[in-house]
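One structure is given below, encoded as structure tokens.
By letter and in written order, the chains are A, B, C and D; residue numbering begins at 1 in each of them.
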Amino acid sequence: MLAILAQAEKTFFLPPGRSTVAASHDGLYQFVLWMSVIWLILIAGVMIYFVIKYRRKSPHDKPVGPTHSTAIELGWTLPPLILVMIIFVWGFRGFMDMNQAPNGATRNQVIVAASKWNWSFTYAGGQNDGTLHVPVNTPISLVLTSSDVIHSFYVPDFRVKKDVVPGRYNKTWFQATEVGEYNLFCAEYCGQQHSTMVTKVVVQSQEDYDAYIRKLDEIIMTMPPVELGKRAYKVYGCKQCHSLDGIAGTGPSWKDVFGKTQTFADGSSRKVDENYVRDSILNPGKDLVAGYDNVMPTFQGQIKEQEITGVIELLKSISANYDGPILDKAPAAPGDEAGADAGDTSGGGNDETGETQLQE
Amino acid sequence: MNAHTNDDHGIGHVSPIWMLLGVFALLIFFTVMTVAVTYIDLGPANIWIALGVAVIKATLVGLYFMHLRYDSPFNSLILVCAFLFLALFIGIALMDTGEYQQNIGPPDTVRPVAG
Amino acid sequence: MSNEQKHTGDTGHGDNHHPPDHPAHLAHHFETPEQQFESGKLGMWVFLATEVLMFGGLFCAYAIYRGNHQDVFLYGYGALDKMWGATNTVVLLASSLTMAWGVRAAQKGQQKLLLTMLFLTFMGGVGFMCIKGVEYKAKWDHNLFPGTMNAFYYEAGQPKYPEKLEHAIEFIDGRNSGGNSGGEVQGGGGHGLLDADVPYDESPAIEHDAQQVGHDGAGHIVSASPVILTASFGAPADMSTIKPPASPADMGVNDAVIDHAGVLTTPSAEHTQVLWRDLSSAEQKKVHLFFGIYFMMTGLHGLHVLIGMILIAWLFWKAKKGAFNKDYFAPVDIGGLYWHLVDLIWIFLFPLLYLIH
Amino acid sequence: MSVIQDQVKVSGYGGQQGPGETNYINHSKGIMSWLLTLDHKRIGLMYMIAVLTAFLGGGLCAIALRTMLYMRSAPDVAPITTGTQDVYNQLFTLHGAILVFMFIIPAVPAILGNMILPLMLGAKDVAFPRLNLLSWYCYMAGATFFLFVLLSGGLDTGWTFYTPYSTSTSTSVAAATMGAFILGFSSILTGLNFIATIHMLRPAGMGWFRMPLFLWALYATSIIQVLATPVLAITLMLLAAERILHVGIFDPALGGDPVLFQHFFWFYSHPAVYIMILPGMGIISELMATFCRRQVFGYSFIAFSSIAIALLGFLVWGHHMYTSGQSAMTNAIFSLITFSVAIPSAIKIFNWLATMYKGSISLATPMLYALAFIWLFTIGGLTGVFLGALSLDIMAHDTYFVVAHFHYVMVGSMLTSFIGGMYYWWPKMFGKMYNETVAKVAWFLIFFGFNLTFFIQFIAGSQGMPRRYADYLPEFAIYHQISTLGSYVLAIGLFLVLYNWIQSLVSGPKAPQNPWGGNTLEWHTSSPPPHENFIEDPHVTEPYEMRAWDYDESIDGYVYDKAKAIELDKQSQH
């Protein structure tokens, strides 16, 4: 217990600040903390002193004390009043710094898409990942969107938190000051697996960051479809609800599903083929498998064509109901002018992406 | 029996008939007026006129039909308090939602068809 | 304590402590009839305050949606009938008059007049509910139900009932354009539908929203975000470009909507008659909200009218048994307060719902 | 006995009731005499049984969820399953919903308020006894709905019902909102009754400023109940309409605004926080006066600070929404008003301390709870200053810091004042004394266990532990372990209190009319009071003028000297 207090006391209970706004926040925190400690000692001290000094000597006691004094009463409202006004102004100024991104932050805009129970970060070039990578000492502007319920973007080390509200675009920003990996939590209760909606912010030097972005660009063009499917499985949070081992979760397992005939909630049925998988990703409520709730958000506009192909190939590869061929290299995506035929090198490095899970 | 209650006025204020009818006539007049005003276009003033007329009508009902004018002032205070808190509630909520409208876009504009 | 005691108006305590002049209607814990009367009134007023705040929540929802989506309200109110609303106002005011008159009769001990007035008040309630029924029927004939059944209901960006929607648009557009320009209405409705039928084809809306935001003077982030969002999701450039407006009307819409950035202001005169095609696609999807709010407000009010009618029927029954006299008429007075409050709320509902301009 | 009775006739009243007299408990018999009673004391007792049962239910949820969190702290624990998460989510939701709607809000007004308010006014009953009974039935009906929720798939929205999660989850949200809606009516009826009673049934000689401070607090509470609860009612109705009809007002998928729901919800639920704490503050004022045996210092400041807290409490709801995307201007306004609420709260603390100055302080069990209240409420209030400050709240919002803060206020402060009040009025309610030693041991366990459970959560929250997490990163394990151990100590303390009370009912010694020497009017009648509350009209003086009560060893209680009281009253008028 003492060890924890000693540990926590080093940073005044807070984790070390790793963003530009931390200094102002932590200063106010310390001010209020010490003010509170002084008040608490004062109040408890007076209380205990009076209990001892004026303890009842006999049940026949009939003490008489002062009953009112307007001067004293008005007098002792002043110190708290002044203190709270100082704290208000201090807190408000700190908040405005946290709220208003500096000029230039929009150059490094990241779109944070939250869904049950997954984070997905889209960088300015359209690359997409399940962990947030940012360059150090650079203001980063975040646009927060949710496709289902309210989530909240929370990085304690950066002192940043903003709710991710469906149907609108909240914005926040931060500027990390130290290279390292930090926890990123969902702070607004969002249902069953709220507590696993945890990922990392990776703060890198500008060179490492640039290399990371380049690698993201390559992955989608070069990775074999099954590997790309596995990556999408993690990045888009499919794994929160769909298992690969046959155990039903919030949604049906992906094992052996390809080629199987599914019965839907409305009684109809259909064989799972490429088109069905595609429909299920883009319009999940359309053919709902019997026995499951309609809770899956659409990935329309987020998932790329190559990734859908990847998911399809992944499903084929783990299905006993399918014995056809499996694509082993990146296909040429229709309408994709840049990387149509660049797919003959296999991308490694998928172990560096999508490690989004808690205690994995 | 209590001598006080045998008094001709009984408990509470008895409204004369002319007053009830007069108030009713005024209420009808204002109703006709508020409908008539909608046929004239006064821009943003229309809604405020409509609400103003409604407040006048509500005040008439409260003061005379509901006897507030002759009642304990505390009863009026309760009603005024209710409206005051309501105004604060609506006012602050309206101000805030108005301020953040800029953050609300139609959800589908973020989802163009993927390539 | 026995049930008999309860029915004699005693509050369950033994009556051996009643002073000899304690009238039967005076509960044991009050000293004088005045005290009991004033307590009852005070209690009722406090209750009325809770009613005001309860309706207040709906008024708040109304104010926020009307303030932020002017045209949706201007459009949706076209389905309502101003004259029925006005008639109902008069009916309710008249029943308020008879109620107040009834209280006067009770105060003066005029038994017959009291019964007449209570009966008239009750009939006022019946009349109000009948007219309300006629109005609701008119909505239902055009599938304007609250919630998922509403003709304007959209699911995943698509109209849920395309045919009913077309019919409802025809109905409201017809009324909003003065009911005499059927050809124009057809055109407007048809155009809106065609647009909506194309999946995710919100191109005019994108342009409209970007423009609107820009005009609102919002920061860079705001105006930039839709563009960046569309671009950054890897969509080919031509997907985010804007289709040429399908009709000259669309061009007009953009200008008209930009005007109304303020809260609770009304657009200029030429736009008070809003047609379906005048609404942005985002607003088209919110029209069903107007009906949700309309039905919630009038429904809750209607429920209060019903409760008031039950109350008045009970008063009538008690009065018939001769329960009231000039020393004891508190229930009539207090029941009357409730009835007047129902009237008072309607006084606000009427201009807000039926007289949108 | 006859000596004492004579004394009553000559110089006032005191001592115990005669053996042949009936009291409100044995006045009439049979289950129907309870279920149809209009007697405020019996209704208070029925409330007590119902509310304490709810407390037990909500408390067991708390123990269960703390145990689940402890089990996640093992170093080699397996990844959490969705089933475990579901159970956890249901537990914290039911814990919150049951304890907020069915325990904290009704506890003091409906139990102690019903019991004591008319007695303190020297009245025979509340203004509307039938409404009072109806309020109890509303409570039971609402409780039935929650029971139905328990049996029909539970509830996993959190007690806040935030949309759009609450409109999309498959659990029994509609039944729970219906239950909370009906419980709201129970609360409104109680508040309405108290306002009318305090206005109309004060006895001759009791002006507004001769009213006990508990009544001022209940009056302020009632204002909030009456003005805020209807907004909750309409909010829940809209939520139900949203789920059943998909009206869309709060649902972004249908063009609605989910943040609007938060405005609606907190317009009620922030003032509701003051419904919880204000009556507790009223109890503390009574305890401070009686157990220091002297006039309260700064009576009018304490009285007006209750009203000020009630009114300002309506204007601070937005401080629950700093991170929701509420506009910066709105945030600033709400932050400023939030800080202004700190002032009346501070005034109360200072006045209670000043009341102890030159008093004769007895450390009887109720007073121990009052002292614990000051400690816990000071911590709760000071950490509220952290949360009121905009920049600090951004960091602390929805973390264990907030959890600890509101438990210090809503549980620490409110629960200690409630238990303190129960001990204080226990002899009056049941005519029995309790075992003082057991009571003090239980007090210590509660005080120690509570601080152990929740103080550590301030640190966990500052370190960034988000709330409502069924699982957590290993670095937070130690906080959860300590907190869970503390909660066990707290639970043992609470069960000991229960044992203490039951034992008192079964075999407690007979209580005197006035065991503490208080002068508010409930001590002017026998313990327990007769059906009609007072055999003769009580003598109304300054509520905290206790010098007319003389200690009598033979009954271990205080006896009234009316002549002296009249003399003292004359003095105070000059």
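Quick note on the criterion: a residue touches a chain if its C-beta (ideal position, glycine included) is under 8 Å from a C-beta of that chain, and two chains touch if they have at least 3 such contacts.
This is a predicted model, so every value here is computed, not measured.
Looking at A-D and B-C, the interface holding more C-beta pairs in contact is that of A-D. A comparison of C-alpha centroids places D closest to the centre of the full protein.
Ranked by separation of Cα centres from chain C, the top chain is A. Annotation: 40 Å between the Cα-based centres of chain A and chain C.
Mean C-alpha position of chain B lies 36 Å from that of chain D.
Chain B and chain C have CA centres that are 14 Å apart.
Residue numbers of chain C whose C-beta contacts span two or more other chains: 38, 42, 46, 49-50, 53, 56, 60, 64, 200, 225, 229, 233-236, 282, 285.
Contacts with at least two other chains are made by residues 166-171, 298, 300-302, 304, 335 of chain A. Contact of a single residue of chain D with at least two other chains is seen at positions 199, 227, 231, 252-253, 256-257, 259-260, 264, 325. Across the interface of their complex, chain D is touched by residues 1, 4-5, 8, 13-15, 21, 24-25, 28-29, 32-33, 35-36, 39-40, 43-44, 46-47, 50-51, 54-57, 59-69, 72-73, 76-77, 80-81, 84-85, 87-88, 90-99, 148-150, 152, 154, 156-157, 159-163, 165-168, 170, 183, 185-196, 198, 249-250, 293, 295, 358-360 of chain A. If you check the complex, the residues on chain D that touch chain C are 28, 33, 36-39, 118, 123-131, 188, 191-193, 195-196, 199-201, 226-231, 233-235, 237-238, 241, 244-249, 254-257, 260, 264, 531-532.
Against chain D, in their complex, chain C makes its touches with residues 1, 3, 6, 11-14, 17, 27-30, 35, 38-39, 42-43, 46-47, 49-51, 53-58, 60-61, 64-65, 146-149, 153-154, 282, 285-286, 288-289, 292-293, 295-296, 300.
The residues of chain D lying in touch with chain A in their complex are 77, 79-80, 82, 85-86, 88-89, 156, 158, 162, 164-165, 168-170, 252-253, 256-259, 292-301, 322-325, 328, 331-332, 335-336, 339-340, 342-343, 346-347, 349-351, 353-363, 371, 374-375, 378-379, 382-383, 385-386, 388-395, 397-399, 456, 458-459, 462-464, 466-474, 478-479, 482, 517, 546-547, 550-551. Within the complex formed with chain D, the chain B residues making contact are 74, 81-82, 85, 88-89, 92-93, 95-97, 99-100, 103-104, 107.
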